[in-house]
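Should a chain be cited, it is by its letter among A, B and C, assigned in written order, with residues numbered from 1 in that chain.
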């Protein structure tokens, strides 16, 4: 039985998501089983850039205009400065040979990290399965999260 | 012996507090023992809407004017937009039959979640026992937190 | 074998860092082994106030101008209000005989808390060993973090 790591990704801040993937990929490379549970703003990380058009009430449509998906759209939690800070940080990451979030998602997926999307938030926000990237393993709720988390050596809320 | 879950609620962002209660209530429904430890801004979640008048120095009074208690006053961490975003999110939650924070507190309490208020923050901020809602089980410090947390299968800082 | 506590300090918000040190120092006083792993913005907490001058590219230099180190520079995550809120909170902390962050670092160090700086972030941000305060025990990466975290009773991401 491998040791387990379970991470809730609540945030879609570039910096925090970066930390989450570094821990996740580090854990699999140390032969641990990793589950990443994406909820609330974190769902944006595993959403396609373009949402599928569907009949939604005006509130979900407005929320969709503000709260856009796509791993390339993540911003720094500090010093975003209309995108300049975020863009500089991305360049600094590249200079240090650090992969982008998109590359980290692929890397995580390839190395066996399990990617779960939170169904409760999806319903509230009007996000459907087709809006999610193909790397998502499953859509599940808090019971699934808890079943894995209580068997995990490391639990984090990011 | 039931398995334990201990959650520090440091934040009073509507979205984060929502996540905390969903995990807490999910955990008790899976037959786990849950302790929620409210500290710093999180204390606002378990404060009455109206503070008891008491002799406080001017700094604590000013802080009290800015940092108001009450579960109905929580705001989204993103897209609050002078309250419009928060109000929309609350309506979307209602449409998805998701309870409000006030209802979640009652639900948590009824199902046996233990609600603890952090005494250190209470002192710094000039919050007294009478300012807290009746659902609070006890007022305690970091030692009480640690005693439960180290016996817990899941520990989160939200 | 002592029980272990491992805390990632990702944030440099005064309030969150305060919580992290209270938990850390509380844990050692309950005879537990504590590791604090400072990463991303959290690195600022364990940086000297004045950076060592060194040849950096313009992006790292610009980042250095915005993102300044030093435990005295931490701001509240809410109600900073151009420093007024933060300064008031510091005074309220003092009135409650709560130590400052600088004093908490010394206290933590004296009581045996292990202070680790994240090498990945240091490289991205152009922070070198000489920029860090003397209380830092070592510079390490995610593998070191995981090795300690998976043996810990309490893991937190702050």
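Here, a residue touches a chain if its C-beta (ideal position, glycine included) is under 8 Å from a C-beta of that chain, and two chains touch if they have at least 3 such contacts.
The structure displayed is predicted, hence computed values, not measured ones.
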| item | value |
| --- | --- |
| Same or different residue numbers at the subunit A/subunit C copy interface, by half rule | different |
| Angle (degrees, nearest 5) of the CA superposition of subunit A onto subunit B | 120 |
| Euclidean distance of C-alpha centroids - subunit A vs subunit C, Å | 25 |
| Where subunit B touches two or more other chains at once, by residue number | 155-157 |
| Residue ranges of subunit A touching subunit B (in the complex, touch as defined) | 8, 10, 39-41, 57, 59-60, 62-63, 66-67, 120, 123-125, 141-143, 145-147, 149-152, 155-157 |
| Complex contact set, residues of subunit B against subunit A | 3, 5, 15-16, 18-19, 22-23, 26-27, 29-30, 32, 77-79, 85, 88-89, 91-93, 95-96, 98, 153-158 |
